[in-house]
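In this document, chain identifiers A, B, C and D correspond to the written order of the chains, with residue numbering beginning at 1 in each.
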Amino acid sequence: MTLRVSIVVGNPKPKSRTLKVAETLVEKLFDEGSYDVEVIDLADHAQEIFAWPSEKMAALNASVAASDVVVFASPTYKATYTGLLKAFLDRYPANGLAGVTAIPVLTGADLSHSMGPTVNLAPLLVELGASVPGRGFYFVAGQMDHLDEIVSAAAAEYAANLRRLSNVAAHLGTGIPTLV
Amino acid sequence: MTLRVSIVVGNPKPKSRTLKVAETLVEKLFDEGSYDVEVIDLADHAQEIFAWPSEKMAALNASVAASDVVVFASPTYKATYTGLLKAFLDRYPANGLAGVTAIPVLTGADLSHSMGPTVNLAPLLVELGASVPGRGFYFVAGQMDHLDEIVSAAAAEYAANLRRLSNVAAHLGTGIPTLV
Amino acid sequence: MTLRVSIVVGNPKPKSRTLKVAETLVEKLFDEGSYDVEVIDLADHAQEIFAWPSEKMAALNASVAASDVVVFASPTYKATYTGLLKAFLDRYPANGLAGVTAIPVLTGADLSHSMGPTVNLAPLLVELGASVPGRGFYFVAGQMDHLDEIVSAAAAEYAANLRRLSNVAAHLGTGIPTLV
Amino acid sequence: MTLRVSIVVGNPKPKSRTLKVAETLVEKLFDEGSYDVEVIDLADHAQEIFAWPSEKMAALNASVAASDVVVFASPTYKATYTGLLKAFLDRYPANGLAGVTAIPVLTGADLSHSMGPTVNLAPLLVELGASVPGRGFYFVAGQMDHLDEIVSAAAAEYAANLRRLSNVAAHLGTGIPTLV
């Protein structure tokens, strides 16, 4: 079965480096042809993000929520995710990302905000019901020349975590009710 | 293969309700006989927790780090985990819980600190390299009469999350280097 | 000298209860006639909040930054401030609220997110250089009938904190350079 | 009136650089002779920190709570304050630091944990009722050669914040009940 992947980018400027980082992470995690990916560059939807109701936004929200894996990527503004990304997530009801494996990615100018993905973005995604397989990923924007190796190392860590979690899943009790 | 489970309890008082909550969660998640469990009640080790070096503490740390699943459970003190639990975790080097699936549990007097497991304890465990399959679990101490049903619901959610994560693991690319 | 006060409300719906809570807090803190207050209901500016540049938004940002006291009030969405409020704050450069005394206010449906103002909104305002005199203020929306007494108690605590901070200010060393 | 200042250091090793940083900050903020300072190096009390009751610990807790200003300083362990510092703070009842002006200080190896004082230590102190006049202070341990200038800049920022807060205090309404 083809894996369904989404990338949601919270940069108010389109086609950002942040988007590139997220795409690279997906390419490192999964083999070409084994997944479908939808990229939602929120810069393209800023004018409609506070419209309510909005068929277009509802469709985007639904598509992301139905994904197996979502990379939520944002530049670091004020030590955390952007208002644009938060505005997109605010459209969900409680538990709106249940069932989603989410990877929080923040890009920033230097190391000083490197706690952001783990202490700010990950708890937000988890609040919505998503599961985050390990640390959030922080990428220093000045390291684009080393994008490939840095993202490969992050992907290897996520893969190791996912395999360990999978091992635990295989030992779950037989009596646990199947949610979904 | 038998799953290796640990329970680490950060209550300065031994044999607490917090310990009972953690044990119940483990019982709900896994079938009897399918796992070994070690319970570390840190109240029994408070006098040695700042000793350095300490063979006994080192053995406890190593045993927990070698577990497949660890429930870290603490009463809520000042809106977060106890100093006793933190002192135990402080003994690890960076990334000392890599490979561990961790479940953060806080018990508290009322709902007002229910964000604690997700915003405080989970990021701490993740900082050490552990993976947390979803939300932290907050248990209102006055609900001991409903322990069974509340913990069952939490276990069902962790199980659902773990199965979803396992599905993602099954789709990981063939070229990702195997860490550890 | 007349105190300059601003209220910034991050509710996507205008004229919200959140706005009412913030106004009441200001009325409790300061005597009528001793201050000027500007209310910025961000619901009125959602369509322009991502526009760049925007003279109107720049004027609002500047007015807030020039205030002595700002109440930043938002409903709780996903356990934290709204994307709308964050989008407004994202328009500031680093340290853009330096010199401002900020009071973080979140309203929510029940106690379960009551840590939000202190762990999420206050650090965001502080990151921008503002000073927060104590806890963030969380108001349970169902308590509007008790608005007056609940807000009075919060105001009394902020006042006590401000007087204590003022006492410390009076003891500052003579050699400290005056930043402005 | 002489200002009462305390320094509480959460480093399990005594006489640490963290202590030196905290002392320097106090010296920069206040003129010699204008304050009394008590230094509590928790390394000296680790063996008694979990004892309950303990006259000695109770006396230390009381002395800190009666201070006008307290610098809480800790090395960064696992991206946040140490378990030793938390264990000391855990001994307080709710609101046990009400009335205290607290300055959170963390020292760390590099910039990657620089959000720690603001997102972890400050909210903990605020939860206990203390007021923090601005950002937490993060000091990179390798910068001891520049201790004087770095701490001077931080002191200048705290002083500016305190003066601004003092100005707000001067405008407080006449009808606000005086808490103590």
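Throughout what follows, a residue touches a chain if its C-beta (ideal position, glycine included) is under 8 Å from a C-beta of that chain, and two chains touch if they have at least 3 such contacts.
Chain labels with UniProt names: A, B, C, D = NADPH-dependent FMN reductase.
All values derive from a computational prediction rather than experimental measurement.
In this entry, A-B is the pair from A-B, A-C or B-D that repeats the interface of C-D, since more than half of their contact pairs coincide by residue number. Of all chains, the one whose Cα centroid sits at the greatest distance from that of chain B (NADPH-dependent FMN reductase) is C.
Centre-to-centre separation of chain A (NADPH-dependent FMN reductase) and chain C (NADPH-dependent FMN reductase), using mean CA positions: 30 Å. Rounded to whole angstrom units, the spacing between the C-alpha centres of chain A (NADPH-dependent FMN reductase) and chain B (NADPH-dependent FMN reductase) is 24. With centres set at the average Cα position, the gap from chain B (NADPH-dependent FMN reductase) to chain C (NADPH-dependent FMN reductase) is 37 Å. Looking at chain C (NADPH-dependent FMN reductase), residues 79, 118-120, 123, 127 sit in touch with two or more other chains. Touching chain D (NADPH-dependent FMN reductase) in their complex are the following residues of chain A (NADPH-dependent FMN reductase): 79, 110-116, 118-120.
For chain D (NADPH-dependent FMN reductase) in complex with chain C (NADPH-dependent FMN reductase), the touching residues are 3, 28-31, 34-35, 68-69, 98-101, 118-119, 122-123, 126-127, 129-135, 152, 155-157, 159-180.
The touching residues of chain B (NADPH-dependent FMN reductase), counted against chain D (NADPH-dependent FMN reductase) in their complex, run 12, 46-47, 49-50, 52, 77-90, 92, 120, 123-124, 127-128.
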